[in-house]
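Across the two complexes that follow, subunit A remains constant while its partner is subunit B and subsequently subunit C.
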Partner chain A sequence: MAKQVSTPLYQQLLDRFDGGLAIAQQAEPAFLKNARLQAQDSFRNLGFPSTRVEDWKYTNIAPFLKNNYSLDHEHAVLHENTLDAAIIEGLDCYKLVLLNGKLMATGYKEQLPSFIKIRPMAEAKEEAGFQKYFGKQIELEKYHLAALNTASFSDGFFIEVNANANLDKPLHIVHTFSADKDLFVQPRHLIIAHRGASLDVIESVVSDNNAAKMFVNSLSEVVVEENANVNHYVLQTAQEGLRLISHTEVSQKRDSVYSNYTFSLPSAELLRNNLHINLDSEHTESHLYGLYLGADHQLVDNHTFMNHRLAHCESNEIYKGVLLENATGVFNGKVYVHQDAQKTNAFQQNNNLLLSTKATINSKPQLEIFADDVKCSHGSTIGQLSQEALFYLQSRGISEDSARALLVTAFAFDVTEKIKIPELEVYINKLINHHIPANQEMIKI
Partner chain B sequence: MAKTIDSNEIINDFATREYEHGFVTDIEMDIAPAGLSEEIVRFISEKKDEPEWLLEWRLRGYKAFLKDKLPEWQNFELPPMDFQGISYYAAPKNKKKYNSLDEVDPELLATFEKLGIPLNEQKVLAGVAVDAVFDSISVATTYKEKLKELGIIFCSIGEAVQEHPELVQKYLGSVVPHSDNIFAALNTAVFSDGSFVYIPKGVRCPMELSTYFRINTQGTGQFERTLIIADEGSYVSYLEGCTAPMRDENQLHAAVVELIALDNAEIKYSTVQNWYPGDKNGKGGIYNFVTKRGACRGVNSKISWTQVETGSAITWKYPSVILQGDNSTGEFYSVAVTGNKQIADTGTKMYHLGRNTKSRIISKGISAGYSNNSYRGLVHVGAKADNARNFTQCDSLLIGDKCGAHTFPYIETKNNTAMVEHEATTSKIGEDQIFYLNQRGIDSEKAVALIINGYAKEVLNQLPMEFAVEAQKLLSITLEGSVG
Partner chain C sequence: MLSIKNLHAEIEEKKILKGISLDIKPGEVHAIMGPNGSGKSTLSSVLAGRENYTVTEGEVLFEGKDLLDMAPEVRAREGLFLAFQYPVEIPGVSNINFLRTALNEIREYRGLPALEAKEFLKLTKDRQKLVEFDTKLINRSLNEGFSGGEKKRNEILQLAMLEPKLSILDETDSGLDIDALRIVSNGVNKLRNEHNAFVIITHYQRLLEYIVPDYVHVLYNGRIVKSGTKELALELEEKGYDWLKESYSETESVK
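The block that comes next holds the complex of A and B.
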């Protein structure tokens, strides 16, 4: 079996490298053009990964590539109720809306304080600040879809928070996806928290309920400079037609703290999150929290990569999964400790609840360690709700349905309690409570 | 052979084994020319006087071998393999490399000394010509008699093919198919010999069976094949290898071990592997690429693998259990120690297919020097495996900052009644622990040996008693000089 998926889309994309894209990219600065050429070569070699590629062993994207995707998405229209789906009740925040990966001009600039600069990537390309940070960490020859994104991304946002600035309210970025025909989009984003800055970002991914299928190959880079502190929340609540590959490449400098919270919820057909954290200096701290709740025929795949390059860094990772109906969950957490990364302290935990006879979970925690003075551990469990606990709750007059929802909420608590924004925590718990009773029939064993 | 065998005859037999099974005496014919081809496969089969079905099976293995590519997923650089540079047939003979112990490498002798190996055995292991009575052979004879009484068949595969073809034909290749992987395919095509064990219904084998006691396995082959069948309600404990360092001029070792446990049967398979690991730069060591797999075919059956891996330049094996029968149990206990430039990529696979199946995995890795030690395991729970239960623990210990420890556990669950737990830790030997022992007058080297033995105890406890004592010494010796 080949390591590539054979799909007409591959050729279609290659044709664009030489055709339409080449003209559009003519005006781009030299560093970007070079990066694109290199990425094109990588993608030409790699293609779309088949399940023979280790990182895609459990996630077969071939069925999602069969559609006749259009690569042109200028005519999309945003529906009001799509945007409503992303509203977090009671949350005071700055808001940014994107449609199919493109910033919408809805007056976001006026509301923002002066120390945070946001503009479309297309406008930022020429800046020295952009060049300094763009595409520095990603190994294009290894990551199929990151290479494809770099080769042919169209637009996205570029956010910079000035040194020592502290954003008073969370920045809520709403990624909306909408199409009237099958569509392939590739957004590209870059967030930089300069020295000593602190920032809370909430990214919501929502889509409209059209019959059209959308394949989104998104790539975000986050740079956390010295002493900066970034809390990064990702909420994926898109509709069934969305297939999302989301790659986030984070680079952390000395004494910085980065926390990522990823919530993958129904109903997008395919959710694949690649979260790479590169610890480029000593004394950094990283926290990764994840909750995936898969229902229907969802395939939810979380790949995390903690790259401990230097000494005295700490990382902590907790991912919890709840699988309902015919859902498949995949977790792959890799902790890589380089030889120079002495005194590393790395912890990883993955717990899964299988609540339906047809659900599947594939978990692969992975440690690769080349330094001896380290403390690294990981744990992974797969199980069900405890019958004793259910009985206990029922014996105290709580209905079976509520008892189950309560136990799932409790299971998720290790992750949800870490959320630092109260309104968001309430919102997530509401979503859990919404999906669990809705699937009662399937849960009953 | 109806008449009783006395020990003299056996020694005679031993000394003249070159003539067994119609081996030709012609010196030139003793070793087949290097290279692998269909003719060689036919030649081996003919030499061993094998039936037609076995030859056909070998040829199928050969075809699978031609089709297969070398794997690329392992966590180390696979050295280039010249499959055409190996001679695939050599009539087994007594290797007489030295005339007396004085000629043997003193370092090797020192190791024997530490392990407490009797002088006669030292000679055999080092390859010194033995002409006197050899203790273990007479021991072996008494054992053989006893086994025969119980109806236990314990002989070489070659013998079994001649005498019990129906059993061999039924079970050979039923757990590890001829096309399983490239090394298993190669083994199928050219396997030299190996052990065959059959325990009849309801029999509990009264002693530990060991290759060591099987007279005609002197000089373990490069492509060994082991087949163990435990019929309903039987029990057997089998030991492979020995703690003494084994030197061998063949670099590639690709053995296949198949275990079959029927209803209510139990097989316990213990390995102590101490092949030559190469010199300090990792040059010249053995590549130990073994396919080991057991099938719990019957209800309530149990297969348990215990391994202590200290030798070989590269150890690459995953003893696995297929839990087909309801209520069956699989166990895997492993200690892998690597030093210098050694590489170990080992672990297990547990396939839960039947109902109420249980498995337990305890893996302890210790890396020192420039070595790399990986645990790679799979726990698979099939859709029909209701109430499957697994517990996995894999710990790694690092000694020195140039070595690596890795874990690659795969957990696949398709059943919502499964309970699967996995945990892994990596750390170094605590300085406080060493200090504590130093303080009580124990030097650092001994302290490390003590700590390592404590660390590996869970696994060592699974070994049969004498083996466990030797394995403990072995661990300390392997890590000698890696501290301080």
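The block that comes next holds the complex of A and C.
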């Protein structure tokens, strides 16, 4: 049992499986009920992962499970300034707002074109798309928190874009989290882009600055059908009290393009992103761009998994990390090339800047290649700001703080330049600048 | 404008500058020559405020203010400029953004408002012509992938933009072909006026044919061992630096 974290929360959750939850789930379709039962078994076996589990070696979630979390969040109130934190200046977009994983009725149906369908997850269970795609990709017996989510999620969003439809503006989904007592939430989402559809989604994660702690175990599934194109932006800017485990399971069909841009910024205590891309057909293209900027005592962990199942697929991954103060970063990039995945091109790069003597980074590229005719590369670096570059900028009248911010922005440029929405790029660069603190004691080379 | 008195400096406890004194007035161009390892680049680094050098003795006044007391960016804002021997490549910082940031921080220090985008572009265009700087390069990352000549021209472009009172050109001529040398020199000559001053640090006399100095100083073993006018540069070109070693290494060993 050493691979499990021992916590009263575990028992509390198991009790729910058989109690109130079972009643609530009675009306659900049979396939979902089966999936839930299977997931319950998995979680019962797996429990919460300890650092003895390889995938959690550098991320100890035990301290975050000690709170006496409430599993009920009916009384949450959304604060206006929490929502404001997610505003991207000048961006023309469609907007959805969720509070603690539940869609808020803010007239989203009226503003959206008819070719895009949006439902609360709780009301989507009869949808053909839901029945076809829900839970098809995730290996529940391997992923502790995905199993727990599947067993006991109650709500989230369901989005379906019709074939050949092109959403003219980005869809900005704002996940807000708010609680006045410690809370455990499990949102579940599903995005389906049908054949030839194209969609830009921006997901912002923000939270109230309350003393209450919120543990969010979120699971999203994204289906990118033949020839569809999805740009998926994730911006994590929540406050300190948030502990977020976010699992995103993507499946791609032939000729599809999926691009994920994940920005993990201060101040959530724990950010753990599991991003899995399953290439289920030939001729797909995937881009994973990530930037994590950790400050204070943040623990920011990005685990990506590029699952090359079939031939002629291309994946490209760049993750950049900047660690300040006492922050800890983890990057684990797994690329798995199956025997059938000949002619795979898989590229991965992870670069890190350590800007404080107390910050930590654990970077682990992980390539497993079983095909013999592939091009795969990976690289990982950890470094500090160049003193020579700092001096050069200062010698032109630029203050040390501005010079440092310029250099960090430049370091992040490989990722930020990939953002296809100019307003979003400006927003991200502003956030980066904002978080590069003045007069910090920096490591000198 | 600049007054150096008995300047001693060392790096990692190795003494490099051993008592330099020099006075520079507005409108003057001083050339500092000398063999490798004589302390030329150390002098420019100490003046610009590079961190790894320690000044152990002496003082430097810039327009009456203690230069050594200022952070590198303050020296720049006060009007000191160092054209680097090896300009740094900074991927991801665009040349134009860098210039705007630098110019506006300097203007702010001097109590001037930031330049409007239009004015800034006009100024940039104007100064670009001065050093025949390719417009394509202005939008590229700072010095990234620039040729040696392009980097040096970029230094002079920055000089032209920031309009310093005192410019130190640290071996700006090294590695330049004759065309680049001509362009860089022309730029400097056009920027020369009675209010500013230049210190040209060079190993070779060649540059001084284009930028004619008022004074030439020979630096050897951390000291200025000889000062004169532009004819001294020609003499050095003819005789090389070996005679210095004979004349001055003895005094060193006696000491």
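We adopt the following convention: the second predicted complex is superposed on the first by the 435 of 445 C-alpha atoms of A that agree within 3 Å, B and C clash if a C-alpha of one lies under 4 Å from a C-alpha of the other, contacts with A are read in each partner's own complex, and residues count from 1 in each chain.
Keep in mind that, in the parts below, a contact is a pair of C-beta atoms (placed from the backbone, for glycine too) under 8 Å apart; a residue touches a chain by one contact, two chains touch by 3 or more.
Everything numeric in this text was worked out from a predicted model, so none of it was measured.
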| item | value |
| --- | --- |
| Clash-or-fit label for the pair subunit B, subunit C on subunit A | fit |
| Partner chain in contact with A:Thr360 - subunit B first, subunit C second, else both or neither | first |
| Partner chain in contact with A:Ala163 - subunit B first, subunit C second, else both or neither | neither |
| Partner chain in contact with A:Glu368 - subunit B first, subunit C second, else both or neither | first |
| Subunit A: partner with more touched residues, subunit B or subunit C | B |
| Which of subunit B and subunit C A:Glu54 touches, first, second, both or neither | first |
| Shortest span in Å between Cα atoms of subunit B and of subunit C, once chain A is used as the common reference | 16 |
| Overlap of subunit C and subunit B interfaces on subunit A (superposed complexes) | none |
| Touching residues (chain side subunit B, partner subunit A) in the complex | 73, 381, 383, 396, 398-428 |
| Parts of subunit A lying in touch with subunit B, wherever the complex brings them together | 54, 58, 339, 342, 352, 354-357, 359-384, 445 |
| Footprint of subunit C on subunit A - complex, ascending | 386-389, 391-400, 402-403, 406-407, 409-414 |
| Partner subunit A, residues of subunit C touching it in the complex | 48-51, 71-73, 75-77, 81-82, 84, 87-88, 90-93, 98, 101-103, 105-106, 109, 141, 158, 162 |
